[in-house]
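Labels for the chains are A, B, C and D, by order of writing; each one numbers its residues from 1.
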Amino acid sequence: MRRLISGMIGLSMLLGGCATTSQENISRLDLIKKRNELICGVSGKIPGFSFMGSDGSYQGLDVDICKAFAAAFLGDASKVQYRPLTAAERFTAIKTGEIDLLSRNTTFTLSRDSSAGNGLSFAPVVFHDGQGLMVKRESQITNIKGLANKSICVGSGTTTEQNINDAFESQSLPYQPIKYQDLNQVVAGYLQGRCSAMTSDRSQLAAARSGFKNPEDHIILDDVLSKEPLAPASDGRDFLLADAMRWVIFSLISAEEQGITKANILEKVKFATDNPQLKPLRRFLGIEGDLGEKIGLGNDFVVKVISSTGNYGEIYNRHLGSNSEVPIPRGLNNLYTNGGVHIAPPFN
Amino acid sequence: MSKKLTYQIVVLFLLAILLSILINNLSINLSRSGLQLSFSWLLRPASFALAENPLPYSPSDTYAWALFMGWLNSLKVILSSLILATFIGVFIGIVRTVGNSVLGFLAAIYITLIRQTPLLLQLMFWYFVAFLGLKDSIFMPIKGMISISNKGIEFLGLSLSSEFSALLFGLSVFTGAYIAEVVRGGILSVSRGQWEAFRSLGFSEINGLFKIIIPQALPAIIPGLTSQYLNLAKNSTLAIAVGYSDIYAINDTVINQTGRTIESFIILLSSFFLLNLLISNLMEVINKITLNSKKI
Amino acid sequence: MIKFTRNIKRTLSINLFNGLLTLAILLIIGLGFIFTLNWLIFSANWKVVTLNLPLYAFGSFPVDQRWRPALWIISLLSLSVITLIGPNRKWLRKSLPLAWIATLPLGIYLLSGGLGLPMVMSRHWGGLSLTILLTECSLLFALPLGIFLALGRQSELPLVKTLSSIYIDSMRAVPLIAVLFFGQLLIPLFLPIGVEIDRVWRAIFAFTLFVSAYIAEDIRGGLQAIPNTQIEAAATLGLNQFQITHFILIPQALRIALPALTNQAIGLFQNTSLMAILGLIELLGIGRSLLANPEFIGRYIEVYIWLASVYWLFCTFMAVLARHLEKRLAIQKTNI
Amino acid sequence: MEHIVSAKNLSKSYTKGLYALDNISLQVDEGKVLVVMGPSGSGKSTLIRTFNGLEAFDAGELNILGIRIDASHDERRIRQIRKRVGMVFQQFNLFPHLSILENIVLAPVQVQKRLQTEAEEHAMYLLAQMGIATHANKYPSQLSGGEQQRVAIARALALKPELLLFDEPTSALDPERVNEVLDVMRNLAKQGMTMIVVTHEVGFAKEVGDQVLFLDSGKVIETSTPNVFFSNARHERSRKFLNQIENK
């Protein structure tokens, strides 16, 4: 018997010892390629960015960004598995490896980016937003001071929650936050008069308002409570994946700068192949050089991305353009040449 | 070496292996993603506001204090629903056992509707449809005494938010349906002879029910009641669906702000063990009191 | 004589009061009915339901493959009907439990594909078919686990007894949503690097952990209700401990615990809705997702009423099935 | 020849000083029927239950079918005994969730590893002997008490036991049902089955019993042939007991 017990102790020590040494450092990018599928965390409940259409598929700007990543990593924009996540669970989902990357209206902030904070890594901003407040026209409220002592509907677990707190606190205005789990509940609370105002990113306010029965009865206040640069994010320790993501987003913007669209991409490829003197274009499209390989992708990754999702402007117009269901003026989200802030570094 | 001892050692060994593998994986995963276990963040300022705080609270208070507010909010809604649910349950239970046939029929409809639909859906209904559906119209049966609107209930100076009220009614009406069955079972467990006895003594139905039957039914009712109360406490975590800041909802916010998933989860579990202990001890005391009064 | 008139008076007054009460109640019901009918017909907009029926049933399952979850649900329903009718042929009756168990692998096969069917990832599972899958899987896994835990709690081995008790009691002390939260967010932390469990399966795992503790207590109640003489009689026939447990104790405990077990099943079906909070797109989750579609913003009363009726219908159906089973399998107490 | 049952100085007490069995010795030979009588609480049930290990005892030793057990209550030996000794209870103790046939077939198939078909054939034969073959597919709750007790006897016989124990087999039956069970037992005795029967049925004891053992307060008061015991009991207490049951 004694021998049995000592044997057991020895065996368990062995097991424990083995397991602690099995640290490893493979990039998520390899894992994605091996799996041949990208797992992309989205909200699933934000009109214009990611929501479920009547055919059951996800649509929106955030969803198209996922597709662009899949096209770049795997050569096939349809190889994405979408994981609808609540605001509260999104970062844990990255940390635990539940998802490969997050494309879910996530604000780029210092503490989220730092390794001492949430330890994420952010790709370039895909949508410049700002937090705003929406009130009913009949309430005659025109600025944030008018909301003193009023209740405000807010989504919980978001930077929105902190921003509204900072905004009111800095002006010593008391208020009452009513916190809901997701945007459609915030909208319901606001529409039913539980709160005098609802706060969210201005894009979301506009998106929500477009679905109201009488959109003109609601106004979005001019106060902008915060900058909300929304960007895809991944695990901060995985530099390879972060690099790849960064340049996929830049390729979308660069393509728009160069007038390369889903419709003309093949034409452009042919044009570049026939004209060896067009060095920058040839490098961009992967006909020459090894830019793609440097970030762990195929050299023609730009072609794959643009031919499946189109450039940044096309994605924007599809979901947020004036003919879409959720029209939001481009404003800051235009190219730098058109008065916006989107700019892509050189592909050299 | 007896067989029994061997079995137990094998079980212990398997369990130890399983635990050590799990804990080992956890520590690897934690060190890999830089999530060391620590509770020191609890003392940092929470910097989020709360809509309801039973004790003074401001966003510059600590996370620990914010979580404590959540716990108190949970306790508040649990205790008040517990009382309301008991009234509803006892009333419906009695109506189903004795009483007007129309009322009995209504009670049966109430029970099937409540018991055959998910509580989560009911809570959303209470909040988004019943309370928020009032829009800005204020429903005021007696002037100055009670007013109900989408902002909540004002009753003699006591003001309850609509989130709290929705949760209170949702939980009470739900638990009441289960308590009603417990009460009915208890009343039916008292022998028919007792009814005939008090009738022959000239008691009225209601009087006899409360003075003769219910006291005898109590020992059969209390254990069932206790487990319903514990269920109610557990179900109160669905507060998150109607925007009420209970312990689970605040934990959710804290996790999102700090990324301290495991620590927060441990805090959540311990607060529940505490709540459970509180309720079951309370019921134990009540049980003893009823048993003692019965002896006398 | 005086007593007689007094009695008459009392009866009359009771009847009068009763009558008035009844009238008042009927009036209120009538008003409520007219109001509701008015809303249902004139104010409600049922497009959010009628346009999305396939979504409620199958989630985002590929359109050309929707026959698969449909086939599964139909086979489950027809099996329920067969069970309700109660075939008289003995071999058919004996194979019913087996058929029920077989629906589970059938369901998983139909949903996930393989072996000739195109694969469908679990992210596409949703709606009612996901709700049913969560319920059935968790139940079928929790039942044996619950039986083991109940036996463990009755065990003569102090260690096994203590461990089972600790597990059961602590699982019953925590809210379901905390267990599900554990399943969705913490389980990955306990797995080796590179090993992933699909989130649907993690949800099933969490439900199984939770429900098995409740099932264990119900079965323990059943075990305790079996008179000791049954064990004596079996021991007298020379059956060993395992055979007694297998042939005598478990079948009887299951029959005694059947009402409680069916209540657990119905409760579980309802509780799968909590996964909507944790990000699975089951029946309630579909409703919530659709409410974010700009086309349907604000239509939540219709969605909630629709979902409530679906849940109610299924739960009532389950309850009817359960009562029927109880009646057929009931043990006449007088003869134990 | 060896005795089928032989008990030597069996003692058992539940609380100190109060004996359920007090220094009991007895023998039963093959083919004999021992009737155990005594007032309620005298230890009859305890005694018969020690013979197949349902009750342990504190001192003394037992030899059943050549298997020796003592106060240590060795479970392996007890299982050996149980495989060869049948028992019929006052409350029948049929398994309510199994049909009559399944009740009888369970032990032969599971314990003796006999073939299902063979066991069923044998069960049907036994049921026919008991006159209840038509009930084979019914459940215990659908049968009368007398019928259930006959099933219980068939269940015990299915294991082809070398000794049958009866613990007040007719006490729970309606008076008009008692004989249908006693008839079965008479037949068994005629076929040479060794039996120990705890009963109050005087007629049965007189007719079938080879010996009557009278027990009071855990002590053997007397052991006599039925003729002697019922007409000319040696002890005062025995006579008092007989008077009481005759006056009932």
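Quick notes
By our rule, contacts are C-beta pairs under 8 Å (C-beta built on N, C-alpha and C of every residue); 3 or more make two chains touch, one makes a residue touch a chain.
Worth saying up front: this structure is predicted, and the values here are computed from it rather than measured.
Relative to the C-alpha centre of chain D, the farthest chain centre belongs to A.
If each chain is reduced to the centroid of its CA atoms, chain A and chain B end up 38 Å from each other. If you average the CA atoms of chain B and of chain C, the two centres end up 21 Å from each other. Put simply, the C-alpha centre of chain A and that of chain D have 82 angstrom between them. For the pair chain B and chain D, the distance between C-alpha centroids works out to 56 Å. Of all residues in chain C, those touching 2 or more other chains are 185, 188-189, 192-193, 277, 300, listed in ascending order. Residue positions of chain D touching 2 or more other chains: there are none. Under the contact definition stated at the top, the residues of chain B that touch 2 or more other chains are 25, 28-29, 32, 128, 133, 240-241, 261. Contacts between chains form some other arrangement here, matching none of path, ring, star or all-to-all.
Chains touching one another form the pairs A-B, A-C, B-C, C-D. The touching residues of chain C, counted against chain B in their complex, run 18, 21-22, 25-26, 29, 156-160, 163, 170, 172-178, 181-182, 185-186, 188-193, 266, 270-271, 273-274, 276-277, 284, 300-301, 304, 307-308, 311-312, 315-316, 319.
Considering their complex, residues 1, 6, 9, 13, 16-17, 20-21, 24-25, 27-29, 32-35, 47-51, 59, 128, 131-133, 135-136, 150-151, 162-163, 240-241, 243, 245, 249, 252-253, 255-257, 259, 261 of chain B touch chain A. Of all the residues in chain C, the ones that touch chain D in their complex are 229-230, 232-240, 243, 247-248, 251-252, 255, 331-332, 334-336.
The touching residues of chain A, counted against chain B in their complex, run 1, 4-5, 8, 12, 15-16, 19-20, 22-23, 87-88, 91-92, 95-96, 115, 117-119, 151, 156-158, 161-162, 165-166, 168-169, 175-181, 185, 188-189, 192-194, 235, 237. Across the complex, chain C is touched by residues 19, 22, 24, 31, 37, 44-48, 51-58, 81-86, 89, 92-93, 96-98, 181-184, 187-188, 191, 207-208, 210-213, 325-326 of chain A.
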